[in-house]
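In the two complexes below, chain A is the common chain; its partner is chain B in one and chain C in the other.
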Partner chain A sequence: MQKVTCDTLVAKACELLENGTVDRVLGWKNGEFVYDVTPALFTTVDDIKSEFVFNDFCGANFSKYLIEETRKTESKVLVFLKPCDTYSFNQLLTEHRFDREKVYAVGIPCEGMADITKVKAAAGDGITAIKAEGENLVISTLYDDDKAVACADVLAERCVVCKSKKHVAYDELLGEDGDVIDSNRFDEVEKLEAMTEDERFAFWQNELSRCIRCNACRDVCPACTCEKCVFDNPESSVVNKAISDSFEEKMFHIIRAFHVAGRCTDCGECSRVCPQNIPLHLLNRKFIKDINSFYGEYQAGAEAGSRAPLVDYTTEDIEPTDAVLKGASDNA
Partner chain B sequence: MQINGEFQPKIVAFCCNWCSYAGADLAGNNRLAYPENVKIIKVPCSCRVNPMFILRAFQRGADGVILCGCHPGDCHYTSGNYYTRRRMALLFSMLNYLGIEKERTRVEWVSAAEGAKFAQTMNEFTEAVAALGENKRLEDLRCKK
Partner chain C sequence: MQRIGVFVCWCGSNIAGTVDVQAVSDALQNEPGVVFSTNYQYMCSQAGQDIIKNAIAEHKLTGIVVCSCSPRMHEATFRKTAAAAGLNPYMVEIANIREQCSWVHKDMPTGTEKAIILGKAAVAKVNLNAPLKPGESPVTKRALVIGGGIAGIQTALDIAEAGFPVDIVEKKPTIGGKMAQLDKTFPTLDCAACILTPKMVDVAQNENIRIFSYSEVEEVGGFVGNFDVKIRKKARFVNEDICTGCGICTEKCPQKKVPNEFNLGMDNRRAIYIPFAQAVPKVATIDADYCTMLKTGKCGVCSKVCTAGAIDYTQKDEIIEEKYGAIVAATGFNPISMDKFDEYAYNQSKDVITSLEFERLTNAAGPSAGKLVRPSDGKHPHTIVFVQCVGSRCAACAEKGKEYCSKICCMYTAKHAMLTRDKYPDTDVYVFYIDVRTPGKAFDEFYRRAVEEYGVHYIKGMVGKVSPEGDKLMVQASDLLANKQLHIEADLVVLAAAIEPDKSARPLATQLTASMDTNDFFTEAHPKLRPVESPTAGVFLSGTCQGPKDIPETVSQASAAAAKVIGLLAKDKLTGNPCVAGSDELMCNGCSSCERVCPYGAITYVDKEFRMPDRTTRVRRVASVNEAVCQGCGACTVACPSGAMDLKGFATKQIIAEVDAICR
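Moving on, here comes the complex of A and B:
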């Protein structure tokens, strides 16, 4: 259950649109099903009033949309940012990917978004309606009576280990700002590190072999913003999917994660959009954890203009051989 | 690769133009032996080595990849090898996280005066990789003959 209601957002969007501050609004509207809320661009008050939604399935991070949106016209675009989105927002500003002057950012508090896989596991298939009532989601299905599940039980993994409820960038804030949370988001990574090499290999082989190379993780990632992507090159040897456990997935996922290392804000969008439910955030988090332990604590996007660890160095950096030992606790 | 029933690893060594490649030259001039399993690829600077190069080498059948550059502080381009050090620290740690044996990857700083160190490093590295056997975890079957 979100603290800020859809009506509040609609009222705010209409107000800013009517007084001419912005001429379009990035928001959410219902998709094919009630739970696949999809990002949308609104330009009229009527559209906003009839189609705008905000509920527990509005996970999409709008930061990346700003790159294209701010290029279109000289006027401002309104964007709603959850706390984790503001980190990506800052990171993109750091990399000069869009013009801050053309954006009106409204920070909205977030109580964590629901994971539809968990909802389906709890309530079954054929979901026709989902209503938020207090701390519960009431789910109507085709085959069964309405069922109430606690929001906390169906929280997306990235929200269970939420790193911050604090907005690090905004023009205006709806509701109250939260704090940075000392979460245990590296627990899963540590669990993997504690395994042997063989177990880790088996784990990742199992996960990555499900990859269908749809590129959704790349397309959604607010840190992946190159106009020309290495993976679009037909010679990259990662464009095709030859056999179930081939080299490509490993290559693709290592390089994908490496290309955002030090810039990944851990927003978790990659895992959210993965149609195969591969825990891709575990790769990104490994890099974040390593960067923290090798080069000092660093949170990408916490501060606009900060220098990413991989474009920086000190003369006393850890040697790669020692780094591998330090990075794997089973060898410690 | 099996030769006379004995496993011979394929080793790819990326050597920077200014220090390590000259170090390899010196090893040759001094008649210091190092295994012929080592195939050297000359790069302008160790920093030229994109993480993709390393993965590509494994894909095309390398059993071990070693990256050699100037000692930190001695880079011909002032700071290239400092960036290499950070990148490879993260990449190698990630490879190990995915279950790739950590002995298959290595970074070594070899100056132009260290012919002996070059030969010794290559001997040690080849031996370590030979002990691990064939690279099965990062291979591409389409690239196998």
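Moving on, here comes the complex of A and C:
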């Protein structure tokens, strides 16, 4: 159950639209299924009142939408940002990807979003309705009686290991701000590090073999905002390297992980949108863990304009040879 | 399509001894774009260069590959050759089949195979080369010398004499360095102070020289001809312009228990001090670690006695920003710590001392006013044992000492032994050595005098153990020539400690992007032919920061470095490097990654209008490279997420083509 209700957001959106602060609103509306919530752009109070939704399936991170949205007009757009979204928001500001002046950002608290795969596993297929009641989700299906599952049991992985309930950027905050959490998000990475090289290779081969190169992970990623992606550019030597491997998907994901290294805020959108349920965030999280251990703790997006370790240089930086040795011993 | 000529050099037998040069030129003949391929004994000779020039004309070559030595050796040579034949010099690529091939392989088939691969890579690159034209940049006619020892002093004086302004940055309160601590200098035995201090005065009086004493280099930006340097002038709590150096404060300061580093801690100084009588600049410095006023706010004696009113307890560190055309590293050396050499009982007995401490003990301005006494009880020592190579030539114990020879110890030990015997004929002096190395003008004669005229006992062998017993030092050693163990009851043991580069050298090298060897000595651009230049353009090396040296050698190298600096500063313009970065604006995200990694500040951003496919225009932030400032390091090209940034002459495509050719 989210602490902030849909009504509160609708009221805020209507207020800002009516008083002229913004002329459009980035929000969520229902898709084909009830759990299939999709991002939408609203321009009228009527549309907002009839279609705007906010529930446990509003995982989409709107930060990246601001790049295109702020280019359209000179007026402001309203965006609702969950705590983790604000990190991407700041990271994009650091990279000068949108004009902050054209955005009105409202921070909203988040109790964690549900993972539909987990919901289906608990309640079965043919879901017709999902209602939040206290700490539970009550799920109606075609084939069975209504079933109540605890929200906590169906949380998305990224929310189970949530790194922050604190908003790092906003113009206005709805509800209380939270704190940065001492998350155990690197536990999964440590499990991978504990594997032998062969085991790890087999793990990734197995996961990535399901990839269908739909590009959803790249398209949703707030760090993947290049004017022209190297994978869409036949002139780039990178793309030729990827397809020269018999296992193209593997190269794609590894190259992508390198491209977002040091800029990835660990928002987890890549894994959320993956239709094949590949835990892509683990690749990025390994980079984050290594950067932390080589150069000291760094959270991309925590501060707009911060200098990430990979594009910064200090005389205390680890010597490259030591980094290689340290990396090798971490992955023993 | 390019028309490429391939020229394989034998380098006498240097390459041809391990590489089948005919096979290489035959194999490369069939590479895409190659229209001519040959080999010759010495491609860099006049005849060799003529082969290249003639082939360019005859075969209408648009690019050439020379398979020879390292590009650091002869790339410039072959570029000139190409230019003389009307070809753009940047259409030349070198395949290094000597250093990277014939010198590291032993058998002909392996060497030949690798040479062919390296040649193919170079051909693949030339196929994608484009003619480049270098720009020009101005030269700031001012030099920076880092370190104010005899090396820095000599370099600065020579540059200043040629008419260019020079700044010396010295981290201690005075210039003078190690030489100021020495007593007499071998082999002529003139007193160090007598020959050094006039030079220090010359520096102080030279209109072209500014001294930043008690200062350190904080930050170095820019590039050859245009360095931007930030210097931190540490607070000395004394106004340098007002202080007359009268020294009253240093006599009245109540804090008397500060170890005197100038005498290596063998006596004490005050919290406010002038390191030695001939210090330049002769101004007092307050040691903030010991000053009662600065620590507790109660005292102020120095301020009360200072008639000039120079004391300023509120003084802060000051940052000075200056532009320089050239930078000279003259950071010098230190004796290594004796802490790890327990066998010599250095930490157990005050009467085991290092040679530099011995130097202070025999110096008239030293803690014992030049009288050779035991530090423990002030008594006159009768039996003195000198141990050479303590930590030098120490291959087996690399964690304790150094693998290299410290070069100066043989001579100064001979000097110590001789002077001791001369002044105190009642002493017995022993010198233990591995070898005595005396290659230098009048050096061997000097050493022989110590042995033959002064009766110093030179014993080939090492000291195994020194154990303090009562007020004696029991020295256990081996005499390798007589093949017997020796036990000597000594009063004083002097250790010739190895020397190592000053600890400030490593971080400085990082700031200068100058390379160092594993011992933290600066690396020269070429060990024989460019010994006073760092591989980093505009950075020069003076004195022991480059390797162990005695004073005559240091001074010659210091003058050599000055000559190189003068040669640079005499130019009005420098020809730039055309291999600079450039951004493909259609792909640039304007994300600032490149700007953040650029060490030269060459990248700025502009808002530019772009026509979109739907006939609208869009204003986008894109990177713009200042080609006069860019040094072509390529950091931006790897930081760029979209691949918009690329380096002319080293484009990602070219490098990938080389890798592909190697992997083919």
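What to note about this one:
The definition used in the following text is that the second predicted complex is superposed on the first by the 303 of 332 C-alpha atoms of A that agree within 3 Å, B and C clash if a C-alpha of one lies under 4 Å from a C-alpha of the other, contacts with A are read in each partner's own complex, and residues count from 1 in each chain.
To be clear about the criterion, a residue touches a chain if its C-beta (ideal position, glycine included) is under 8 Å from a C-beta of that chain, and two chains touch if they have at least 3 such contacts.
For clarity, every value in this text was computed on a predicted model and none was experimentally measured.
Shared-chain residue A:Glu32: touches no atom of chain B or chain C. When both complexes are overlaid on chain A, the residue A:Thr321 reaches chain B alone and has no touch with chain C. In the superposed model, A:Val230 makes contact with both chain B and chain C.
When both complexes are overlaid on chain A, the residue A:Trp204 reaches chain B alone and has no touch with chain C.
Of the two partner chains placed by superposition, only chain B is touched by A:Leu192; chain C is not.
When the shared chain is aligned, no partner comes close enough to touch A:Asp145: not chain B, not chain C. More residues of chain A lie in contact with B than with the other chain of the pair chain B and chain C. Once the two complexes are overlaid on the shared chain, A:Tyr313 sits against chain B and chain C alike.
Contact with neither chain B nor chain C is seen for A:Glu297 once the two complexes are overlaid on the shared chain. In the superposed model, A:Glu74 makes contact with neither chain B nor chain C.
Residues 230, 237, 310-313, 315 of chain A are contacted both by chain B in one complex and by chain C in the other. Chain C contributes residues 507, 510-511, 586-593, 596-597, 599, 605, 618, 620-621, 639, 641-644, 652-653, 656 to its touches with chain A in the complex. Within the complex formed with chain A, the chain B residues making contact are 51-52, 55-56, 59, 72-73, 79, 82-83, 85-102, 105-107, 137-142.
Contact residues on chain A toward chain B in their complex (touch as defined above): 192-193, 197-205, 230, 237, 242-243, 246-248, 250-251, 254-255, 257-258, 261, 283, 286-287, 290-291, 294-295, 309-315, 317-321, 323-328, 331.
On the chain A side of its complex with chain C, the touching residues are 71, 94-97, 225-230, 233, 236-238, 240-241, 259-260, 263, 307-308, 310-313, 315.
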